[in-house]
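The two complexes that follow have subunit A in common; it is paired with subunit B in the first and with subunit C in the second.
== the complex of A and B ==
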């Protein structure tokens, strides 16, 4: 197995050349050591566990098996932390519709599909990957383990959104992706600031890190609003909190980014091109979670960059159709039609439109679209039940 | 000394009367399913599990919940979810709606599973018209990956809407071995199911 390249501040360190362009003091990255091997008993044990977990990820049904998508995420990581550093990392993209990425001490990184759906630029993805890489580079798993010898903290990104259980973050999902290497509040701040240094050194603007937290808070607020509950985010970290609050993170990350005063292209178009093939599935998975307002926020965020494309209109139509109030069915009908006007005509759009019309009492109009659906997919697995709504 | 005796007695009592007592369902008429919503006349022996996820559910199994199970959802009214919500305000589940059509039922089950159990991979397969105790119904197949053990589970279900209530009977078992071995027992059971109210 290819072993991790690693920086640990050891004697063999070689400074990376700093290709910096910003006016104000550009941050120095820590020294870097290639082909690091675990040293202590604790560290060897953690690596062994991480190796076992990584073998499971490689075989997991949840793994998104797409070389191109993997290459995209790897490229963003490499452009963020530098080619030498990123060569020690293996990336596993997992099909989990929640905002998260994890980093194991052996250099295995997981990136969840919900993260790829939510970040709006390459720079925002870079911010998350840089943060996770910083945990790796600073050997936080080991330090945290030695300090506590127990792992009970919530994982970093899920803290904001996981409270609303977009996924079952409490047990099954987290245990599945093996978040046994978790971090405390001080480590999170350290990783935030080192991650920001990577961004400042890269071609991406470092303010993207603050944007990520702002968007997470806004999504969380949207979910809370939709459920008529108090906003979840607190503005002061409590004594027992394992992470700085989202607000303070957004705040200090923005302050530091302003101090770096770096600029760069966040590359939004490129991000959506890279995930284009998977976008309909990522959207469908999100829509099926019972979070109307949070999902609306995500869709509008994407539309803010790409415009209301056929895929987005279809996803929004499905969201309204699933909620299913009489007024929702009128909206979903309109949205399905708009998706088709935008040139998006997969069979699912015809099916959704047909059923929305039938449920609104417009049976004959609905039947027309359902007939079209059956004409395209005569052997669809649901053809027999859909025929019930098409007069003979 | 007295305290030790009391503790020992408590331990013996606990061992003698397991808290999660399940009940054997003998072949023959059973009209108490989900508090009497369903009746069935199984030809083989089943076990009714003590645990259930909400007021509208009852689970039968042969070898254990994760190996083969029949789940009855009985008379779920409009505005209620299929299973108990962990937190009605913070983690609400999708609900039965008044204008649901039969093809909406598989999606309701999928959305419930994804939201409540964190299932990230689930697919609905065949969907066909059927009858459940003489009522128009939908028969459908599905698969999902158990998020904890990554075992693929296959499901086969039949569901009907009647008088604003949803009735669903599903069989779930790992695709490997158990599903094929036991699905016929489920099909035989479903033929005997009737809705009592």
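== the complex of A and C ==
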């Protein structure tokens, strides 16, 4: 069965160059084997562990248990890599407010909420999903495992034999450690480039892949500025970096995308419609990260597409209220009121507005909003502490 | 994408700091005053968590699906045989058909974490937490939430079992021998076994057997029998094995 599928794939690959004269720039995808089963002892062992890990994700408290959102991410993956490929993948969305997605050797993919919040178009999401799928297709977990084992084996021998011969093997050990990280960076670049091929073949524009890394750099610059630390946009990766730097990825992905010169609708509005229901939760988690400038950057990025909606105004208000300087409380009060004007008035907005007013010295005015909050959520976990601000 | 960094660091620590043999330590404990009379309680056995693999020369764990499957079959068989004679009724809960299996799986993992802490902070006398220094105290719990799991209605205790074996590869053994000559301590193999009885009403761990170097090779029926007898050694309410 497997051999037949492979031959069909190879046959296609042999045929395609004939047909490709019309669109020379379109890249050729490698032949794909559906329903792959692990082969070697190592690979089957890794799949066993991955299966167990996947069961844990399924029952994790962090899992976003929403069929619609899952269907959305799955659709984007399928439109990127094609129906036959995407059917080998199960997607688990996890509530983690950081930019990441992971791929297991058995086809389990995790997509973190922080990723869904940061990408601004379906095409950008497709770029990341395609990258992760490329790891899966090229069986990177297995190769990485084998490489780490060889390096750590050699390192262990060096340690023992060096002790035997009374020779300092420190330099050789360090270069073995370095080889592990270097190998990993090599895999990431490989996955970037295959991911870009999927994107170029899909209806999405491949330029989106470079945009993802440009935005990440801008965000980390904003974070660094806010925290008064040094910016970290270097072109060369450091010794312990598991990935190439964002700058070099943005650069080589843009170069290649320009070579493909493909076009398409990145579908921005559709992305925000798909995550709309979860946006308040994603934003609330982001605000709690205590990253004022980075969060401001994300908020204005979203507002660039959707305009300043009530959800965004509320999140921005929470951001200022959390920083809490006297001037911030004036800003947050204004923003909460604007959010309510825009029709967004969940209990959290009433609470935030009430607290900002109370802390700015307008105690009786603030208490009115806090009373409203308590009337809607009498059993809120913070009810007892909010009651302290309400005169009896 | 960043997620693999942790595994890298683990590999590095395994590769660079060759572990020395662990010091002798205690292997069993039970809650003060706890005892069981024969034929008085019902015990639920959760699907044991079994994992078998190899240890690479550098100390990495290499999971092995075939060995794990073999060990699972052997251990399950030996457990069924052994638990028939512990003096109280033991029912095995199959998590694939139990409603609330998710909740029970979580408790099995939580039990693993608690048992790991017992080994680390109580069984090894040199590393006891200040609150665990009293001779007789054995106060460990997975929390009172266990009583809300409907699948455990009618049971008084849950028996949880976890094993992980990593057999030293040929390279690891060779390294160990050369290390011996070179004066560098290298351990080969890891054989963790944990069996614990948890009170359904309180969540307290009332009896625990946990050892980082258990005997018996669960890949063979004889080894599995030896492993099970070690796991259940001193099981509350069981008649001591007659020679």
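Miscellaneous remarks
One rule holds for everything that comes next: the second predicted complex is superposed on the first by the 312 of 392 C-alpha atoms of A that agree within 3 Å, B and C clash if a C-alpha of one lies under 4 Å from a C-alpha of the other, contacts with A are read in each partner's own complex, and residues count from 1 in each chain.
Following the convention adopted for this analysis, a contact is a pair of C-beta atoms (placed from the backbone, for glycine too) under 8 Å apart; a residue touches a chain by one contact, two chains touch by 3 or more.
Remember, predicted model here, so these are calculated numbers, not experimental data.
In the superposed model, A:322 lies in contact with subunit B only, and not with subunit C. In the superposition on chain A, contact of A:55 is made with subunit C only, not with subunit B. Of the two partner chains, subunit C is the only one touched by A:100; subunit B is not.
Within the superposed three-chain model, A:356 lies out of touch with both subunit B and subunit C [touch as defined at top]. When both complexes are overlaid on chain A, the residue A:47 reaches subunit C alone and has no touch with subunit B. Common to the subunit B and subunit C interfaces on subunit A are residues 56, 163-164, 173, 176. Subunit B makes touch with subunit A in their complex at residues 86-87, 89-94, 97, 99-104, 107, 110-111, 114-118, 120-121, 124-129, 138, 141, 145, 147-148, 150, 152.
Within the complex formed with subunit B, the residues of subunit A that make contact are 56, 60-62, 95-97, 163-165, 167-169, 171-173, 175-176, 227-229, 285, 288-290, 322, 324-326, 329, 355, 358-359, 381-382, 384-386, 388-389.
Within the complex, the subunit A residues that touch subunit C are 38, 41-42, 44-49, 55-56, 58-59, 100-102, 132, 144, 148-149, 151-157, 159-161, 163-164, 173, 176-177, 180-181, 184, 188, 242-243. Chain contact summary for the complex, subunit C toward subunit A: residues 1-5, 7-8, 11-12, 14-16, 18, 53, 56-60, 62-66, 68, 102, 105-106, 109, 171, 175, 178-179, 181-184, 186.
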